[in-house]
Amino acid sequence: MNKSRLEAFSDGVLAIIITIMVLELKTPHGTSLRTLIPLIPVFMSYVLSFIYVGIYWNNHHHMMQLVKKVNGSVLWANLHLLFWLSLFPFATAWMGENHYETWPVVMYGGVMLMASIAYYILVRTLIKLHGQESDVAKAYGKDVKGKISTGIYVFAILSSFISSWIGIFCYILVAAIWFIPDTRVEKTIANE
Amino acid sequence: MNKSRLEAFSDGVLAIIITIMVLELKTPHGTSLRTLIPLIPVFMSYVLSFIYVGIYWNNHHHMMQLVKKVNGSVLWANLHLLFWLSLFPFATAWMGENHYETWPVVMYGGVMLMASIAYYILVRTLIKLHGQESDVAKAYGKDVKGKISTGIYVFAILSSFISSWIGIFCYILVAAIWFIPDTRVEKTIANE
Amino acid sequence: MNKSRLEAFSDGVLAIIITIMVLELKTPHGTSLRTLIPLIPVFMSYVLSFIYVGIYWNNHHHMMQLVKKVNGSVLWANLHLLFWLSLFPFATAWMGENHYETWPVVMYGGVMLMASIAYYILVRTLIKLHGQESDVAKAYGKDVKGKISTGIYVFAILSSFISSWIGIFCYILVAAIWFIPDTRVEKTIANE
Amino acid sequence: MNKSRLEAFSDGVLAIIITIMVLELKTPHGTSLRTLIPLIPVFMSYVLSFIYVGIYWNNHHHMMQLVKKVNGSVLWANLHLLFWLSLFPFATAWMGENHYETWPVVMYGGVMLMASIAYYILVRTLIKLHGQESDVAKAYGKDVKGKISTGIYVFAILSSFISSWIGIFCYILVAAIWFIPDTRVEKTIANE
């Protein structure tokens, strides 16, 4: 089975998720600059989630370069990842409309955490299919970045009960970690 | 005529269907955990429908591996399937917002039933085009799984008038049957 | 310039148009079968427009089989077609929610008419690029079906002022004419 | 890394942006022709933004013809462009619903300006990757059109405080400049 439809379907879902989130930026009723002020937290949440979906798309794109084949398990592991990503618009809207209160921030972190676990499962499923000597296994074998992110998410969720701003700070931190390009794939390709 | 645009268009429609369903998860107005409680049945319906669309995409993807060519009839049989799948968001929302009452559950089953019949028609149209000796015919000749599913849908619709929970149970059962990977295609490919 | 991105972009837009229309089927507030009755005209409009978008996608798919190259003019002629098709959801919703009253039916016909003219312009632009001896020119040289459709739309719009049901009948008639597969392309391919 | 997924993802996002904008054309409640009058400024804004997204897609399509490879920086520069384009529906709706008052027109210009800067950054990132002797560098080296557009946007934003119609005129002017096909790419291809 070839991977092109899995890529096309994932691209489609991610493109829609990223664009649906912008619908939360509801047209304000006035025309003064002041009517935009209540939209600022909604907008900031949108920016954060846009970057997160961008990171997932970017990483998905990088990883798929090393993938030679897919099977039924990979298709489902990928759908599982898309499921959690599809909850980003909901989590983003709830957080943005409520000025970063505790539970919405916790929920946002929960969706992030589940997405990162789903990504981990997808990586493991791909390594299982390709074998321990494959490029995927070599590039993602240790996955330090992924493990650190997951740890930060757990910390963010717990510390949000003290102050939701610690949670927000953690989410920005993880985004920053991943924004730095993932050199593992490029190294693996270069080493061949 | 080649099959790539049929795949791309189907991927697009399925990606949008799966993502539109999540829009039913309306942002709650409060920020306490309790405000999420009314969303639970909506969320459960979303999960069920997500899995169903995932199954259809998965099966479509598997089947298209064996397809060598398409014609006008196949394009229309595929559009017919997409039509019934496009009603999933409506059926899902009606069922989820009404705590699984009788008619919404019956309607959900009706859409499922029509989609399964549309899939059956698509399979027959493909077999007619490729001939009885083709890979598609060999893999889908008997289609026991498809027939059982259709039977369960009919049973689910009828028994929902006694209790809608029997219907719900049947829908979960069919999802479970299909979740187990469709080994027919992989066997056919392996036998070559 | 190759045609694959034009196909991909058109597939994307058509997939979204076809799926957005279903959002007009708003979830009813009750759970009885009777609450679905007001949705019947909305549903019938959806079915009609789904078939129309299906026909356009089908014809676009057929025509693109004969296209060897594209240029800037073709890209814009294609975008012009997509523009009018993008008004289908609006025209469909207005007609469906108003029980086929005069002006909504006229507007629906107007959008149909403009889309058919846009398709005609796209065909001419493609023929100009490929030359009079090309496959596109041979297959679409006379375009009897296209001219008849355009004529019926004009008649439908005018006669809707007498009774909007004449208009509706005409729209169904044109759909029926096009539903019969377009054998011109298949003949042209077969003749080679 | 190959460019096909970047193209597919961009096509997806642009297709959704262009189609989401039409959702602002809300179904009017009456059935007379008069009920459409309040929609005219919304419709005109839609036409303008449709043309703008069309221009961006067209230019993106042209430019990608000359691109041989992509890297992480290009993926992010492209996402950055898509981010600003994703704000088109919001800016379009705000402007269209408020009869072209000052701040909405300024905001529209601001989004346009940011998108043009993002496009410029994408071009530079691609030139950096391909080298000064590459086709991309030759075709986009001076980028007079891009610089003029950016200048007009700045002028439009400032002059909108005198009269928002100067701003609108400028936006139409830039659209007209770009509507004329971008011959640079075709020349570069022809020269090879």
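Order of writing sets the chain letters: A, B, C and D. Residues in each chain are counted from 1.
In the analysis below, contacts are C-beta pairs under 8 Å (C-beta built on N, C-alpha and C of every residue); 3 or more make two chains touch, one makes a residue touch a chain.
The structure displayed is predicted, hence computed values, not measured ones.
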Exercise for review: Look at both sides of the subunit C and subunit D contact and report whether the same residue positions are involved, with over half shared, or different ones.
Suggested key: different
Review point. Rotation angle for the CA superposition of subunit A on subunit B, to the nearest 5°?
Key: 90
Practice item. Would you identify the chain whose Cα-based centre sits farthest away from the centre of subunit D? Key: B
**Study point:** Intercentroid distance (Cα basis), subunit D paired with subunit A, Å
**Key:** 27
Check your understanding: Between subunit B and subunit D, what's the gap in Å when you average each chain's C-alpha atoms?
Key -> 37
Check your understanding: Which subunit B residues reach two or more other chains?
Key -> 8, 12, 15-16
Revision key, fill the gap. Listed in rising order, the residues of subunit B that touch subunit A in the complex are 7-8, 11-12, 14-16, 18-19, 22-23, 25, 27-28, 31-33, 36, 47, 50, 54, 57-58, 61-62, 64-65, 179, 181-182, 186, 189
Check your understanding: In the complex formed with subunit C, which residues of subunit B make contact?
Key -> 1, 5-6, 8-9, 12-13, 15-17, 20, 24, 71-73, 75-76, 79, 82-83, 86-87, 89-90, 93-94, 97-98, 101-104, 107
